[in-house]
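First the structure, then my questions, so here it is.
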Amino acid sequence: MSAQSMSADQRWKFSADRIPADLFAELRRDNLARWPTGSEVDVDEAAAFHKALPRHKQLGWVMRRADEEGRCLTQPRGGFGTLELQLELMRCLDKEGQADIVPTTTDSYTRNERWAEAEAGIEESKKAGRSMLNGYPMVNYGPRTTRRLIEAIDKPAIVLSGTAMPRLTSEVGFAAGFSGYLGSGLAYTTSYTKETSIEAGIRNYQYLDRLAALYQEKGVDLHRRQPGFLTGTNVPPCIAILTCVIDALLAAGQGVRNYGLELAQTLHLVQDAVAIRACRELTQEYLAAAGYDDVFTPVTSLHWMGAWPHDDAQSQALVAYGGTLAAVGGAVSVTTKSTHEAYGIPTPQANAEGLRTTRMAIYLARHIRLDTLPEYRFELDLVKREVRPIMDKVLEMGDGDVAVGTVRACEAGVMDIPWSPNRHLKCRVMPARDADGYLRIFDPGLMPFDAEVLAVHEERLRKRAERDGVPYDHDLAVSSVYEISEPLSNLIPFPWAAE
Amino acid sequence: MSAQSMSADQRWKFSADRIPADLFAELRRDNLARWPTGSEVDVDEAAAFHKALPRHKQLGWVMRRADEEGRCLTQPRGGFGTLELQLELMRCLDKEGQADIVPTTTDSYTRNERWAEAEAGIEESKKAGRSMLNGYPMVNYGPRTTRRLIEAIDKPAIVLSGTAMPRLTSEVGFAAGFSGYLGSGLAYTTSYTKETSIEAGIRNYQYLDRLAALYQEKGVDLHRRQPGFLTGTNVPPCIAILTCVIDALLAAGQGVRNYGLELAQTLHLVQDAVAIRACRELTQEYLAAAGYDDVFTPVTSLHWMGAWPHDDAQSQALVAYGGTLAAVGGAVSVTTKSTHEAYGIPTPQANAEGLRTTRMAIYLARHIRLDTLPEYRFELDLVKREVRPIMDKVLEMGDGDVAVGTVRACEAGVMDIPWSPNRHLKCRVMPARDADGYLRIFDPGLMPFDAEVLAVHEERLRKRAERDGVPYDHDLAVSSVYEISEPLSNLIPFPWAAE
Amino acid sequence: MTKAQATPGYDRSAKTLVTGVIGADTHIVGNRILSMALEKEGFKIVTLGALTPADEFVKAAIETAADGIMVSSLYGQGELDCRGFRDLCVEAGLEDILIYVGGNLVVGRQDWADVERRFLDMGFDRAFPPGTRTDDVVRALDADFAERERRSAKAS
Amino acid sequence: MTKAQATPGYDRSAKTLVTGVIGADTHIVGNRILSMALEKEGFKIVTLGALTPADEFVKAAIETAADGIMVSSLYGQGELDCRGFRDLCVEAGLEDILIYVGGNLVVGRQDWADVERRFLDMGFDRAFPPGTRTDDVVRALDADFAERERRSAKAS
């Protein structure tokens, strides 16, 4: 890294403000110089490529249209270590899986900017004849070669790269013709890093969001998306929604206008439907309060993100229910898993099956809405009462600057995330499932929830402890991590069997 | 058949009244003489066997207990042509499938009392090494040998024998130790026969119900069950419920006190939940009016009974949703299908997978209830308004005798069933799916529905015709037969694909 | 649904087809929809309905001087029911009658090519797998009847 | 959950175990639950957390004079990350240290016997498949430590 690059980064004061154009140009130059394929990036050429794509291959347009038409689109995850394997995968997901949105997941070396190791992984994969990487090394292949992926399919494509360091991958991805990009500063830093500070993670995504806004200036409506799943481990809706609101405010600050919000399913039909609606409403509420009234924020529902059962038949129920929950909740898209989830990265065929099962489930439940159910209304009110005091406190701690407020709130434990590997969080909040199948907060840590609200959570969790005949303690949370992956003989045995 | 037998049958006047004990004894003697294994039947010995079974192998007890505990039990279908194959199947369903209730489906020759042909089928199956019969020929094997099936499992067992002629099979089944028996006079006569009169079918099931009552007198609480699925082809809840009410009244008349009601799923979350509740309430309402206040009538929900898709992945969604619908509707048990449904009788393994997927789906949805949803309340009221005028008319036509009334109502088209092969029905009523996914009545035939109620149906169906851009005609019904079996590319294509 | 060809190259209304479900089989829905569709496309249809013994098909075919018999079998025992069906036709003097069979012809999920061969060996002109749509049946009838017309035109 | 054996036949509190998730892997949940469970069962635990390079395991093991290293790998790249792990230990003078590996060790769904063999060949004492519960790990540790005590008792 050159001294020049250090200084552009140093001159960039940390705040929620939009990065000035000239400073951003410097940041970009430094960034693109970090790996040879960076030199292939040309935003004007890329913008022209995007605009020449048919609308149905542009995710920004597709998400807006799906929302208008009340559709629930399907999208899998998936990435393999070589271009050839990735081409085959994407074609399969497009055709056999009938995916509406086709993904490219990057490998973990790429996510950690360890491109040299990724290079070795490509070679190993070619030698072994199977993927030794857990995703597609996009930076190593570079935008020109990667564009072949876009050309191979007849759907819009999205980059999935779980990392706090997306600067170069996003440059390559957008330049290659990907019209969607998943990831955000708060969510991914807390789910994917140990030492990285929240500030550093937010900065990196401010870069990415500023880049998306640059395309927007050039007339390309890219779809940016926030990954609300976090650690995927029993994250209650309020915490996922808080992350969505914060990351959406940060993105809007950089000029993003097409920003999806993801929510991992809790697997409770009512809680998930409530969460999907509350997420969009609360995000819009805080965007409006911050002066943004033109940000499109569709919600994507994610198939169960916690541990899966080691039984294909059980997993089929999770896959199908994942479609049901998304459709009933009115999500604009759903991200799918497969029956291989507990074992490893799915084959293209298993992935395609997961898509089709989900699609059928969506078809079956497409008419169902629960908004008028009293229980729904109770939970909708509850989740809003959960989110607002904390979100208001975050903004207050930053004196109105959400970037600064978020860093301080994480340090203080005001904003917290369960089961995170990141050292810059308290990681004291602890969720558990209650007697009625809702995810609740067992231990709020230092998060300033309303006492009344917490009383509801505690009451429900005590009901469960009582029903299960176990103490009201931390084990409620640990057993909730395993729950969904338990064999059926533990979950619902034949009740009256002989001894 | 001896002259003696003719005359016992002749002396038995057709009505809803309980068959007198002495006449019944004569009927039984004649019946048991029709095939050599009939001589093995000894009700006292069998009653002792039943009472010696552990409670959890007695379906009567198990259904009552499941209802008290708010459980939704699982049960597959399944029968193979030889004892050995059937043993293996039942063990697999019990252990691998974790079925709560284990079935024995009889073959179609047995159902048509063509025992000589069934005998040939056994031989052919043994020669071919695979089942050439579509079920287990229970009468040919007889009660003594068949008891080995009961001994091989640790769950209660039920006989599934879709026929209007259950007299000998039921004798053999109960004597063998089966504690459940599916079938009823109106439902099965209209779904499984062409020439058999409704009167003949009802008589045959009066025999069976009277037999169950005989066991009841001896202290054995057998579970009798009504198959509400009828022709399995888009039967709207009101028609299935009418059949349940009629058959329940007939059974109660013979002394049955443990009588399950089956309902095929419409695949609409609200309609199915409403149907399950309405079925039990309406049946109890008419039982009470007829003076029966002690008949236990739990409802069983059936996985989609119409045509299935030729894609395992799609079928998985139907299987899983089948569990969801049953659980949300509060059914006491669910009868499952498998991903092989469109192709043929499933392998034991596919059958077991269907059970496990369903069980997981039940686990996931076990807390959900929709009773307070306004849409639910509207539909609950509607279905009751559909059933009552027709049921009242049926009773009126029989001058209070439900047996006589049913025969006359079928002749007159007052009681009608869609897509039936039976010549003694008008078969003019014609259902179709509406714009919101509800099964409605497109053509009431001669059934005396309320004009207001029919107006609701027509309005909803016209909405669908309009949405689909098709004429409001009979094709709405035909396309609804295919609908669920259509490939996804017809059901929900990627909406904006290139031409 | 794509429409079947409009001008089949022969006169559909001159062709009589007997339809029914063979054996102890009550699955009437597909057979009824098929009958309705064939009628709509112009064929003369004689419907025997569900639960029809093999000899009744032949009797009806003779009585109506039918050109073809459409046998449905869904319940899995078709393999037993359909044995000797061609012989019955031949014995009755219907050597050349077109016979089709369709539905879920065997017990369980078996390889279709294998199942098809078994039924063609039994003497059926064509066998159709589960899920067959009526348009495909019409297309097959058109091809076979047109071919027969050509053959008999040549022969004479 | 069935409880692990109460009296393992050696002193668990005298055993120190280093735990962590190897490579660029952030899957911390299972590793954290495992660490908590081992601690509860009486072992001394040194937790390195997620995203731990191979050499940090070895460094920590030397510093704490550990008796075993518990390597988690979930994200699929474990096969690359774990190569040479035993050599690193040996080079650092930890010839005899017990090393276990567990999680989703390879990319995709592969035959477990095959995967296990690959990791044993790399020098791990045991490898554990996806879905392993903490009780089974405790049982394995008990067996291995007890066996080692017996061996060293004999040797001396």
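All chains are identified by letter, namely A, B, C and D, in their written order; residue positions are counted from 1 within each chain.
Operating definition for what follows: a contact is a pair of C-beta atoms (placed from the backbone, for glycine too) under 8 Å apart; a residue touches a chain by one contact, two chains touch by 3 or more.
Since this is a predicted model, take the numbers as computed values, not measurements.
*Asks:* Enumerate, in label order, the chains that touch chain A and chain D alike.
*Replies:* Chains that touch both chain A and chain D, as defined above, do not exist here.
*Asks:* Minimal path length between chain C and chain D through chains that touch?
*Replies:* Graph distance in the chain contact network comes out at 3.
*Asks:* Going by average Cα coordinates, which chain is farthest removed from chain B?
*Replies:* D
*Asks:* Centroid from C-alpha atoms only, then distance chain A to chain C, rounded to Å. What do you get?
*Replies:* Roughly 55 Å separates the two chain centres.
*Asks:* On a C-alpha centroid basis, what's the spacing between chain A and chain B, in Å?
*Replies:* 45
*Asks:* Between chain B and chain C, tell me the centre distance in angstrom, where each centre is the average of that chain's C-alpha atoms.
*Replies:* 31
*Asks:* Return the residues of chain C touching two or more other chains; collapse runs of consecutive numbers into ranges.
*Replies:* Where chain C is concerned, no single residue meets two or more other chains.
*Asks:* Which chains touch which?
*Replies:* After working through each pair, the chains in contact turn out to be A-B, A-D, B-C.
*Asks:* Could you please specify the touching residues of chain C with respect to chain B in the complex?
*Replies:* Against chain B, chain C makes touches at 21, 23-26, 28-29, 32-33, 36, 49-51, 75-77, 79-80, 104, 106-110, 130-131.
*Asks:* Once bound in the complex, which stretches of chain B touch chain A?
*Replies:* So the residues of chain B in touch with chain A come to 54-56, 62, 65-66, 69, 71, 98, 100, 154-155, 267-270, 309, 311-314, 316-321, 323-324, 328, 352-368, 370, 372-375, 436-437, 488-489, 491-498.
*Asks:* Tell me, which parts of chain B touch chain C in their complex?
*Replies:* Interface residues on the chain B side: 107-109, 111-112, 114, 117, 120-121, 124, 130-134, 162, 191-195, 231, 233, 307, 310, 340, 342-347, 419-421, 478, 481, 485.
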